[in-house]
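Each structure below is given as structure tokens.
Each of the next two complexes has chain A plus one other chain: chain B in the first, chain C in the second.
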Partner chain A sequence: MSSLFRQMVWDGTVPLAIKLAPSSLPSSSDRMLDTYFIQAPRISYLPLLIPEIRQNLCDLVLDEATAAALREEDWWFETEKDNVLKWHWPIGLLYDAHFTTMSASESCFLPSASSLSPPMPITLYLSNPPADKLLLTPSVESLKSSFMSQCKEADFLRWGSTRRMTGLRKTEQDGLWDAIREHNYDNFWKIGSKILPNPNPPSPLLNSSPPTPNPDGTGAATTTNDAYAVRSIPLRLFLPNAPVIQDLCSPVTQNGVHTTLGDLLSASFPLLFSKGANIQNTSISGAYAVVQGMEPPLETEVGWLGASLAGADGWVNVCVGLRA
Partner chain B sequence: MPEMPDDPAAATEFPSERMTVDENIVFSSTFQVPAFYFSASDESGSPLSLPALIRSQLFHLPLPLSTLNIEQHTIDLPGPESDASPIPLLTQGEHPTTGRMCWFLHPCETSGAVKELLDHGAPPGERWELHWLKTWFVVLGRVVYLRGISV
Partner chain C sequence: MALLPIDDSTPPVGPTPSIASSGTPGVAGALEAYRQKDMTKVRFKAIGNAPIMRQNYYRITASNRFQAVIQFLRKELGWKAADPLFTYINSAFSPTPDDTVANLYKCFATEGHLIVNYSSTAAWG
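And now, the complex of A and B:
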């Protein structure tokens, strides 16, 4: 069951509408070719799209001399509201965060979640990147380094050490990143399954999970990949125009039951998500939460989210928005 | 990449250049310890490169530079075997509150260093959190020049 969702997350894409900034276009450019639409993988990153954008947009719009002189490390992306898009955020997160932020602004009433996803308008600038908002050294190498950092942080949160990540050989670590670049699901999960947790069938009992078979007979705690045995789910909460919220998030509550998304949201944002008298939590103010472009029911267990709806870097990104 | 002297204090490339350093101590949610975040720019306001930073007076590393793997975007300690993954020391990341990109000293190894000092030191005469934080500053001070630079 988890592999179904993992495949869905891997295959998930979002529409982007990329336009070159007028200020980046010399007068000799072909301005008839306006916008390049791309269906980008959620688990990928903007800089990885650059070769395709270069070939399909820049090379067509710009004259040969200008196109040849382009320095890709000077490229940067922005949304309509002058919001610089972070290179190290997965594209799916950029998309979800953008639309939940839009939903919260008073002048915008977005259609309900069940309708088609609109393309995200992005402006591409070819020079003068803002130094402090992007990666300090924009390059695919530093993006890879950032990705590895995120994987290690997620590993640490789950198990209290980065042993699983650092235990991988360098070729395996490189293999994870290469699989993202090449968008190869099998190559990714061949290595990913060593570090990312497996969910168990939902059960309110703490000790219902069978340990991973371990030939040398040591305790299950050192080898289990049980999603419900983690210390904390690597999870971040994104509110419109606010700092990212990240707290310890145990998969099991003090009462021994599995923590739900509703539990987490009502604890973090009590004014947006109230805890109902019964198990089902209700959102009273039109607030909603998006994970990988979907709105999971509030009864969804966070342990399961951590195993099935996390991004390639292991993080569950929850974007909170408001709907009229 | 030019040859770097092992002792950064012997580097003569930045004898009197001013740099502006913005230093923050932020609690790392992931590692549940304080982390040292900073950004630095030169006189013109341009951000300093990482190799330039590591050679500046801001750092006095207890290790010779030749043992480290210094890149434009990260500084790490090579792993114990040739195919082992490197241990990150200085990387870039988002400041947890401002969202700006900064460099930060990886907190992964900090807890261990603090614990070691605490285990070998005298019992605290004050609240343990304060004692822990003071010890953390001692660990930080081994790597970063914390006093104001006097001319």
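And now, the complex of A and C:
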């Protein structure tokens, strides 16, 4: 069961429709062929798609001399709403954030939840990257270091120190990244299981001494790997057109009850998600939450989310959308 | 630039707007109410050969992105855009420049401060 969800997250893909920006096309281009459709892994990143896009789109559309002169480090991506896409976000997050943001804008048609996922329209520009919006040079090397930093930040949140990440050998750290580039599940989880908590649910009532997180901030060596033993779930909340929200998120409340997604959402956004009179949390005004392209029930425990639906960087990304 | 040296006699600027006081009704108002605006304290610590700053404690608008902190550091240190500058939280990891200071503060503040280590060379990879 545990590895089933990890496998599903790893295998999850989203459709992208990548179109070359007309301003990037010289007059000699073949404009009949300007969009490339790709089914991209959720846990991958846009810069990792560049070789494929170059071969199947740019090299066909552009004349040979222009194609040869392309500098991939100048490439950048935008949504049709002129939002520069963050190349250091996992593709699955870009996709979920795009469609939940669209759901909040009035003039938008959204397919019902049951229909197939629509392709996300992306415009590719081949020059003049807006450095102020991209923040980091979009090279594969800086992508790797950004990924490693995200892993460490998640590690710090979970265990109060980055010892699990820094305890990995250099070859193992590189192995995590290589497994993403090569999309190799087994290679990734051979190492990933040393850092990420075990998603197996704890046996209820068996814990006479529950593995409570270490309350002081010093990060004493925790040896348990239980999903509910982490100090905090690395979790980010994405609201349409608003800054990302990140806060401490303990899997277990002070009363020893497992925190649910509904608890978290109603505490963070009481105007969008209300805490019901019963255990059930309810969404008001049609607000809904998406994790890895799915809408988990609001009673899903965040500890379980952290172990089962986190991305390869260890983060759970929750995108909030609004249903008309 | 929104970073101010800390003088503890000044009252904190910009309290968090309460949700009830938000005048905009409906869902748009709900979204607006969660766009936060208040101040947090940041403490800078030099690592390795990085020069020490005249002042280490600053107050920063919480809604700023970490990028603003990096830009402020560059300006204070008089470093050019090409000079390498590495920043870390709690001597442990580099946040992404688009993380907000508010988020980092909530998750990683130590004794009421967000501790930002800076260095001219990579320290904690």
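The definition used in the following text is that the second predicted complex is superposed on the first by the 302 of 324 C-alpha atoms of A that agree within 3 Å, B and C clash if a C-alpha of one lies under 4 Å from a C-alpha of the other, contacts with A are read in each partner's own complex, and residues count from 1 in each chain.
Throughout what follows, a contact is a pair of C-beta atoms (placed from the backbone, for glycine too) under 8 Å apart; a residue touches a chain by one contact, two chains touch by 3 or more.
Not measured: the values here are computed from a predicted model.
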* **Clash or fit, chain B versus chain C on superposed chain A** => clash
* Asked: Who does A:86 touch here: chain B (first), chain C (second), both, or neither?
  -> both
* Asked: Which partner does A:146 contact after superposing on A: first (chain B), second (chain C), both, neither?
  -> both
* With the two structures laid over each other on chain A, which partner does A:244 touch: chain B (first), chain C (second), both, or neither? -> both
* To do: Return first, second, both or neither, reflecting whether A:156 touches chain B, chain C, both chains, or no partner chain.
  => both
* To do: Pick one for A:128: touches chain B only (first), chain C only (second), both, or neither.
  => neither
* Asked: For A:269, is the partner it touches chain B (first), chain C (second), both, or none of the two (neither)?
  -> second
* Which superposed partner A:104 touches (first chain B, second chain C, both, neither) -> second
* In the overlay, answer first, second, both or neither for which of chain B and chain C A:35 touches. => neither
* Touching A:169, do we find chain B (first), chain C (second), both, or neither? -> first
* Structure fact -> Overlap of the chain B and chain C interfaces on chain A comprises residues 86, 88, 135-136, 145-146, 149, 152-153, 156-157, 162, 166, 243-244, 246-248
* chain B - residues contacting chain A, complex -> 29-32, 39, 46-47, 49-50, 71-74, 79, 83-88, 91-94, 96-101, 103, 108
* Asked: Hey, which residues of chain C end up touching chain A in the complex?
  -> 19, 26-27, 29-31, 33-36, 63, 67, 89-90, 92-100, 102-104, 106-108, 110, 124-125
* To do: Write out the stretch or stretches of chain A touching chain B in their complex.
  => 86, 88, 131-137, 139, 141-142, 145-146, 149, 152-153, 156-157, 162, 165-166, 168-171, 173, 234, 243-244, 246-248
* Structure fact -> Given the complex, residues on chain A that touch chain C span 86, 88, 104, 135-136, 145-146, 148-150, 152-153, 155-157, 161-162, 166, 217, 232, 239-248, 268-272, 285, 287, 322
